[in-house]
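Okay, so chain A shows up in both of these, paired with chain B first and chain C after.
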Partner chain A sequence: MLTSPLFLEIVLFPGLLSIAIIGALLGWLERKVTARVQLRIGPLYASPAGGILQMFADLIKLSFKELFVPENSDAFFFIMAPTTGLVLGAALVGLIPFAPGLQIANIEVGLPAFLAIITLSPTLILLAGWSANSKFPFIGGLRALFQQTAYEIPLWLSALGVIMMAGTMNLGQIVNAQTSGWFILPQALGAFIFLVTSVAEMERLPFDLPEAESEIMMGWQAEYPGVLFLAAQGPGFVKLYAFSALFSVMFLGGFLGPSFLPPLFWMLLKTLLIIVLIMLLRSTFPRVRLDQLLRAGWTTLLTLAIINIGITYILVVGFPTL
Partner chain B sequence: MTDLLFLAFAAVTVGAAILAIEARDLVYGAAALGIAFLGVAGLFFLLDAAYVGWFQIAVYIGAVVVLILFTVMLVGPKKGETPLGLKRVSLLAAMLMSLLLGMTGALANATAFPGPDSCGSGCDLSLFSTSLLKNYGVPLEFMSLVMAAAVIGALALSKTDRGQ
Partner chain C sequence: MVAQGIPEIGSYIAFLFVSTVALVIILRLFVSPRDPRPTPEKKKPFESGQIAAGPGRTRFIIQYYPYLLMFVVYDVIAMFLFAWGLNLRALGASGSVPVLVFIVVLLIPLGYALHLANHRENW
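What follows is the complex of A and B.
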């Protein structure tokens, strides 16, 4: 049982151990990329190569800090919300096909399952913000919820275009449907909407309203100490990893690529490219206001998503050979 | 195994539903409602209806529970305070509820749902979509009524607080 492929997949790759290591490395990469954009050097000392172990050092530091639950806070939700967030983030990675056969949960409705799991995270953020019994966390939690109403519908509708093109909701079969051409070309509009709304879903700049450290001091995470802060920060990076992998599965042909290198390499390369793109967005754009985000979500993005479905309908019905 | 899982999901659903009504703190009540919906989603998975199960999670927990939590936190009673002023409406609510239950019961006879949805294993998406719209159109619309109920419920919660 300990050497069965599924067990190894769950524990090593693409499962828990690799998620933890990749999450930590993404933290380092983000600081390094942001630093390069701002003509700084970024993390430097914590390793032989460019401070690559910086996040592991931070991890050790945070785990030695005192773990306390603020007075008058709701201890149950305060601890439950970030830890459940971590579990949900890991569950997302389990749905991604990294190579033919290298997928923990190969289910028929993989794409809706991914989006359904991600829907739960604003609820957890709201509970976390409420449970801290403090102003800024609560404002952050409420912002997460407002934000969800803005991006959730365009996110699902943009995924619908890919489902229509592939004729299936199974993520592995969506990859195989792209052997004759990646969906990024016929689904360019859908890919754009998906990227924008998934950045909003991940609560990253320019849509990091629930955290907004310059306005509400990390928002819903403000009261979290030590290890719990780690647990509150972690899902962000795991979601970044999972969403970038999902984007490359849906629009960039996933593990497909020239056969002189293994499929896993192409999958990870595409994922890394998307991750760096999203990180560059962070250092390029200023934060939007909540009302701007809501207006954009309900007017521009929703309209574009519906137009995209129309285009996809014409493509699928009008040109079935494509 | 399936029987055990069914019992477990059913116990979670019923237990969480009782907790949702009886919880002294409305936030805990709403969270328990979310757990109850999760239990229902588990029952859908057992019935080999994974598609419906995932949408149960996305719509009912992702939207309905969040809506209720939102209202409770923004305008609901203070922490530890029991909600008031809902007694008069409760009779109406019970009548509407039994009406709805009767309707769904009438719809959910043996012929209405002949088997598992065609999206269990080996999914034919176009066949599945056609059956969803043609055979299950009316039950689907009834399910969407719950969304309306959630909006009205959230409005009612905010209204009762303002009256005092």
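What follows is the complex of A and C.
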């Protein structure tokens, strides 16, 4: 049992332990990248190698803080929302094929399952904001709800382009369909829409309206103490990891690459490139307003997504040999 | 293909179960420190240092309500396209005509709804 491949996948890689370590390392990487862009240094002291242990030090510090629930709040949902968010993040990574055979759940509807699981996260944010009985979290939760209506349909429609090209919803088979050419070329518009909407889905800058720290004080996370704040922050990094991996699976050929290095290396390299790209977006763009985001999502992004479906239809039906 | 998928779903459920158990254990370990002298101010809602005024659950943002209505309709409709997109190579151009008519018919009310929703003063 303890040495069976499935158990090792669940516990070590790509399962729980690696998700926790990669999430913490992404927190460090984000601070470093943002610092470099802003001509700062970033975390420095927590280890000899550029403060790489800073997030683990933060984890220990936050774990020993007192846990309490604000008065008049709904304690069950207040604690349930961020912890369920952590489980959802792990569920996302479980669907990603990191190499042939190295995948926890190889299900036939992998891509819609991923998008369906991610759809739950704004609901959890609204629940967290409602249960805290405080103004800033409630406004943040409502913003998450409205923001979801702006990006959800373009996100699904940009994924539909890949399904039309590949003729399958299984993520491993989507990778294998790209042996003759990555989908980033015929699906360039779809890849752009998917990147923008997934950044909005992860609630990162420039779309971090639910936790805009300069407007509503971290929004829905404002009331969380100690380790619960960690549980509220953690899913953001796990979602960044999972979405970057999904982007490389859908558009960049996943684990395909020259054979002198293992497939896992190519998969992680592409994932890391997308992660750094999304982090650079964070440090270069200002935050949009809610009405700007709603209008852009419903007019520009939705129109582009429908145009992308038209282009894909012409490509698939007109040139069946592609 | 379906029979192949069943044990995979079982392993996925096992994965979710293990992750939940690990989470509960970790949380249980850390739910220990207690304040020896609790003060009532500590549990007040945070309002940037001010004393909290009024109810915590304030008014809903209502001016974007038309977008919510459109979302309820068109999010479900977008799902129908997935069944078509999956079988596009088998259906070909002739099999796709009903779906294309379906899309065009739906785009006209979508455009009108967007026109109304983008003029928020109507609401």
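One rule holds for everything that comes next: the second predicted complex is superposed on the first by the 322 of 322 C-alpha atoms of A that agree within 3 Å, B and C clash if a C-alpha of one lies under 4 Å from a C-alpha of the other, contacts with A are read in each partner's own complex, and residues count from 1 in each chain.
Here, a contact is a pair of C-beta atoms (placed from the backbone, for glycine too) under 8 Å apart; a residue touches a chain by one contact, two chains touch by 3 or more.
Here the structure is a predicted model, which is why all the values come from computation and not from measurement.
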Quiz item: Which partner does A:232 contact after superposing on A: first (chain B), second (chain C), both, neither?
Solution: neither
Practice problem: Examine A:153 and indicate which partner it touches, taking first as chain B and second as chain C; both and neither are also allowed. | Solution: second
Practice problem: Scan A:142 for contacts with chain B and chain C and give back first, second, both or neither. | Solution: both
Quiz item: Does the superposition put A:15 against chain B (first), chain C (second), both, or neither?
Solution: second
Practice problem: Give one of first, second, both or neither to describe whether A:29 is in contact with chain B, with chain C, with both, or with none. | Solution: neither
Self-check item: Partner, of chain C and chain B, that touches more residues belonging to chain A
Solution: C
Practice problem: Please work out whether A:122 is in contact with chain B alone, chain C alone, both, or neither, and reply first, second, both or neither. | Solution: first
Exercise. Examine A:296 and indicate which partner it touches, taking first as chain B and second as chain C; both and neither are also allowed.
Key: neither
Quiz item: Between chain B (first) and chain C (second), which, if any, makes contact with A:130: first, second, both or neither?
Solution: both
Practice problem: Based on the superposed arrangement, let me know which partner A:200 touches: chain B (first), chain C (second), both, or neither? | Solution: neither
Quiz item: What residues on chain A does chain C touch that chain B touches too?
Solution: 107-108, 112, 130, 138, 142, 145, 148, 152, 163, 167-169
Quiz prompt | Contact footprint of chain A on chain B as seen in their complex | solution = 27, 31, 34, 50-51, 54-55, 57-58, 61-63, 65-66, 69-70, 73-74, 119-123, 125-126
Practice problem: Please name which positions on chain A make contact with chain C in the complex. | Solution: 6, 10-11, 15-16, 63-73, 83, 86-87, 90-91, 94, 104-108, 112, 130, 132-136, 138-139, 142-143, 145-146, 148-150, 152-153, 156-157, 160-161, 163-164, 167-169, 217, 222-223, 226-227, 231, 290-291, 294-295, 298-299, 306, 309, 313, 316-317, 320
Quiz item: In their shared complex, at which residues does chain C touch chain A?
Solution: 1-2, 5, 8-9, 11-12, 14-16, 18-20, 22-23, 27, 30-31, 33-35, 40, 42-48, 52, 56-58, 60-61, 64, 67-68, 70-71, 74-75, 78-79, 81-82, 85-89, 92-93, 96, 100, 103, 107, 114, 117-118, 120
Exercise. Provide the residue numbers of chain A that touch chain B in the complex, in ascending order.
Key: 74, 77, 107-109, 112-113, 115-117, 119-120, 122-123, 126-127, 130, 138, 141-142, 145, 148, 152, 163, 167-170
